[in-house]
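One structure coming up, written as structure tokens, with questions to follow.
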């Protein structure tokens, strides 16, 4: 049973008189406890797919098709209702941790405000929970960390905090949009490990957006390859990487230094 | 793993031992004034040599001082300590002066393809500026564009009509047009997507070597560096911790930092193994 | 709250409005319109004008007697129970001190008693002796600049009769007069508040408090219209016309101010203006009827600079007339062909509602019809006056307000006088002779002699009299009875 | 391909197709030429109003029903069939005066803006490019000028020099160059550090050449936008000075002076009302146009421009 | 190989590089950054204030009039002896530099000279008129900040909607209308015709101003418990401050709109939305707070244009404030007044911007020195 099932998702954006089709008949599933990696060149619609699930498509966007979340239809869901799912059941982590936090609010405030809003818990309880979760995502000195501001952390630490913020309400789905692209390889490894851990421990359905096959090869269970808003290939990790079926996937992987593709 | 064999040039052929090095850095340091007062040593006692027709990869984590080093080499920052010699001439900080003729042999390709071309000038004009430096060179605007695999009509266009990868190739063409002896690439591929990175990097290497230049290729992506560099220098917190042939660094890293760095690179093998 | 229904809410306060021209209310330094308005409510003077008739000086604090040769005047303290605002009685000492202080501190009004020796004879008598005959003295003494101050208190507060005097600040804030009011609050920038002097020996004023506010003419108009103010001093005729009868009345009196064009007699500075023919052409090119129209109802022609109501005035039917043909002929004789003549005036000044800038524009247009090109040079009044005083302006608009209502006040315009110097006009034997004759004339002959002198002055066209404006006071309808005359345009103490 | 590029898959991933700029999303829009900017509704309206005013100014002598200086109508008559907008205190036709006033106001405002844009941007470019002491001196002077509210400083200067259009222009020039200096400085500073300028310097460009060839083309359009917006404020300041009788010398008709005349003639509302309307429309036109032009700049530069105009 | 590497990868790589950071710092900063920031700002402000004294001094020395004549008046100025004496008394016979230092010396003792026109000490007069302008200014800035920010926010949130277009057009009109004209028209309509507001001035003329504490009539009357006076003062304040605010409302609306638009695009706003926070929280806690920092700077700038507007507005409303005082000084070429006002306004402006910078420094945790 998949947690999220995307079927024939189409997205077009109209700005002025021009309409662009960003997603065309996109279909794939996310399953609990599994990481689904979406790969594709820049501009292929990876981020927009994630945002569509979150209900955060750009203004002027027209969405059609179906996103089934645990039996609930997300496409066309009223904004209010969607808002009740966001942050609680569906959560998201962004590419650049430095810009995903408000520079003038403390980290503690930012990772608990949705907890307080959704679960109506007191500030104190929320902070205690924050400290616990920060410990879980291995942010050093969680008690002090909640009082600090984003600029006092390194990129890797901020991404850990972002993950803490994402899981604090015990969501079912986590969308990670290129969570390691802005980080060094050494830091990336730690984040990937954390992602794997969270997925396994919390039984999350994870959508991992990236254009790095190295990352997919490390953590993804299923790989979806997109090109110009179209899904060109879906399959198990090993199969897609070692024996890509689609010519586009093959060319992508072959272009990477050190990739090993079976002929 | 067979990937080493893919490196197009054999490291030994270009060892710096053959004659005086083209570019020599002798315990160079560089300091920045910090906003809140105090100073920060971004590059600290770096000694490096670059031979002729050699590609030197410079790798290290973000903020370790790679760009600063590149700027020092081009004379864009003033060394706090040490000296840099290019082809027998000392490299001095540029300041507001016109660049000395002897130093024009060092050219740079920048990280950000969107900022490295003048948005208000035609590609042809920008290439012509560079060609003027090297009047007896063999390049023409057309041959340059062809070399970087762009249609000839690109010359009449402005940079905004090109994609990032195309822009980066124009930037490479411009650097080449000046007939450099040393081409410094400061993460020229970092802002391109992974599928383009290797391609552009390889193109840079080939063009540099074919035109008889050496190259310093800065990146934090080890796998790309491995693909094109003859030698690799590993930098950590302003210092060079290890230099060696690509093969040696890749297969037999000495310094723990290098080992850590290598270990963190995820492999595209579909095995589901998280590195590190 | 809004204005209209509160017109009566003013109670015993009278709100008067004017655009301030106020440097001080120390009477012996005060020389501007606003200061004299205030001081005339605070200070009594030795002499006064009978019912505001400027030709009839009469007893004030003192009665007076002039010697036959007009050289000695004897003042006898008359009003036994005149008291200063602190209750002190007015004495001969105070009168002598006030005169001497006026002379000694060398302020603007010091010239009033130039060449006059002050002597206290006894407790009731003070004599004023002049070297030359001084028939104008009775006309001078009613001036509020010669107000009588409480000498004891002033002396206690650094008041002296020489330049070391330091009582100005004190007098600004603590008036020392015997008039109907005293100063409650002095703010030269925004407003001056007067309250009744309970020791005043005259009839008790109905309005116990006077607020004199510094506001522009347009605000004065709206304030009178809305009942916010009871007295407005600066309305021009157009504005005065707008006042609803239900809201206020207009009291118009001939002004004691004269507007004129000056021409520099020095060829180097004056250029064409130094040529009598050119000047006469200017005089003939002006459309005086239009000027009267601009200055408003009640304004008059002038045949000389002396206001029509004064002794020595030239009858107004002798005033110059427009004659474009003549002007053009004169211009030809002068050899003038259209070169620009700089024409100076104060851009920020209005004289009894006549805006000098507008006057200049009007003149420019009129003279243009005769072929005379004026190059307007407006400047703030201080700059303009500065240039005029240093005799550097070829042509422009001048204004003169009578310091005292006597033709001798206009002698400054005759060669040898201060103002004549400003146009480099130093010599004219004919006028000199006429002036000497006038000085000797007595009684009724004086009038004719001075009229002859000033008529001859006008004929030179160095000064071209333009118009005698009308002094307009708008009085709100809440005031049922008031006194307004040539001497005091609005008497607060007598308003009801 | 002449040089040996390693064999590439022929079906290269087509990631180079036109796509979103991840770095500077506005860069493309720099290229939109100005006339296109005027196709936005506001820009269009602005251009229309301005065009009308230009026609009015150019053909004022033909359009004006009467001589603007002739005082041959009844004074203070309300708008009527003959004097469409009434007459003023001296019996002159208000409509004619308004039209003729446009002839001085518009060129004067444009002139003063051009001068201050030139002065300010040259100083700003010098400050921004050479930095250090030069920068400090120029920018501290600019700060000083900023420390005085425009009209007050202009008022003092105009009062000191004496009223007159020329002096009003000098006064406005002296107070308005700093905004150009600031914008140009910061643009030049950004450009100076930008990679294309550094690339040029590595090619051996001198400071002058790099300023003129590389930086200037990138700085000009924001300055033009700023200048367009500034014409409006120049008109306002000029009118303010005239209102305080420190502007154009009579009898030259001038809107600000007409308003000030009208203020003293409350009942004759037409004297002040129409010139005010003129100022409003013309300043609005410039602001509309400037705004649309600004929208064609990239957001960063637009903000730079926006901060100082205001 | 990679598999073989056993080098432990610390979970906290960043802190390791943080240590390196410390090692690379060759010279640690001596002062706390915030303190340093404040000190530098104070230094700059002082230099600017000094510059203001130089500018006012030089400007007024450009004036072609002879101040002595202005001081003495018509009669006394005719006497060369008195003129020479006064010149000497005022030190005007000294070289310019000496005069400047005398002026500066007097300034330091709080002596701004005496008005040529009214003989009142300039400092005392400014003490009188300044509160009037402040009262007007505070009224206007309150109105414009509240309205400007709200309208700007609304306009940005509804970008490209009808509301947005309407607000943009209105704010453009606001910054395009000549203040003195609007003031005249408003006065004519609301006072003269409709009588819904009281007339010119700060109080009805027959009302005695409340005892001076702050000089702000509204505040002082409240302090003295004079409710009627308070109501009157407030009534008088409404129209002029609204007129004065019109320009700054336009300014701030435009600026906050663009500022909010800049913020809306940022990742942290998307992140906040992705957390399912209610729109109210996203707008006020995230967007608005982010947009506020640049807006604060503009409020400082707006203050300057407010002072400019005040000159013209005060003239129309007979508001006896600094603007009118300055205008009188300028038109009568009253040099000490011009210098005094220039100095005071310069200082106020510098102070306001200093405070703005400080707020900036405090509001934004990433205190920086620019």
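The chains carry the letters A, B, C, D and E, assigned in the order they are written, with residues numbered from 1 in each.
The rule we apply is simple: a contact is a pair of C-beta atoms (placed from the backbone, for glycine too) under 8 Å apart; a residue touches a chain by one contact, two chains touch by 3 or more.
All values derive from a computational prediction rather than experimental measurement.
> Taking the mean of each chain's Cα atoms, which chain ends up nearest the overall Cα mean?
Given all protein C-alpha atoms shown, the central chain works out to be E.
> Counting C-beta pairs in contact, which two chains come out on top?
D-E
> Taking each chain's centre as the mean of its CA atoms, how far is chain C from chain D in angstrom?
49
> I'd like to verify one number: the distance from the centre of chain B to the centre of chain D, where each centre is the average of its C-alpha atoms, in whole angstrom.
Inter-chain centre distance comes to 45 Å.
> On a C-alpha centroid basis, what's the spacing between chain D and chain E, in Å?
23
> Show the residues in chain D shared as contacts by 2 or more other chains, in ascending order.
12-13, 15, 17, 19, 22, 159, 162, 245, 263, 266
> Would you mind listing the residues of chain E that make contact with two or more other chains?
9, 17, 64, 192, 315, 331, 333
> By residue number and range, which residues of chain C touch two or more other chains?
Answer for chain C, listing residues that touch two or more other chains: 216, 222, 348, 380, 383.
> Which stretch or stretches of chain E touch chain A in the complex?
Touch residues, chain E against chain A: 9-15, 17-18, 266-268, 270-278, 281, 285-286, 289-290, 293, 363-366.
> Across the complex, what residues on chain A touch chain B?
Against chain B, the touching part of chain A is residues 41-42, 155, 183-186, 188-190, 192-193, 196, 211-215, 217-221, 237-242, 252-253, 255-260.
> Show me the residue ranges of chain B that touch chain A in the complex, using the header's touch definition.
1, 3, 6, 61-62, 193-196, 198-199, 220-224, 226-227, 260-261, 263-276
> List the residues on chain C that touch chain E in their complex, please.
On the chain C side, the touching residues are 1-4, 6, 9-11, 13, 15, 17, 22-24, 31-32, 106-111, 168, 172, 187-190, 211, 213-216, 219, 222-223, 225-226, 228-229, 348, 380-383, 385-386, 389, 418.
> What residues on chain D touch chain E, complex-wise?
That would be residues 42, 140-141, 143-144, 146-153, 155-162, 232, 236, 239-240, 243-246, 256, 259-260, 262-263, 266, 269, 272-273, 275-276, 279-280, 283-284, 287-288, 291, 299, 302-303, 306-307, 310 of chain D.
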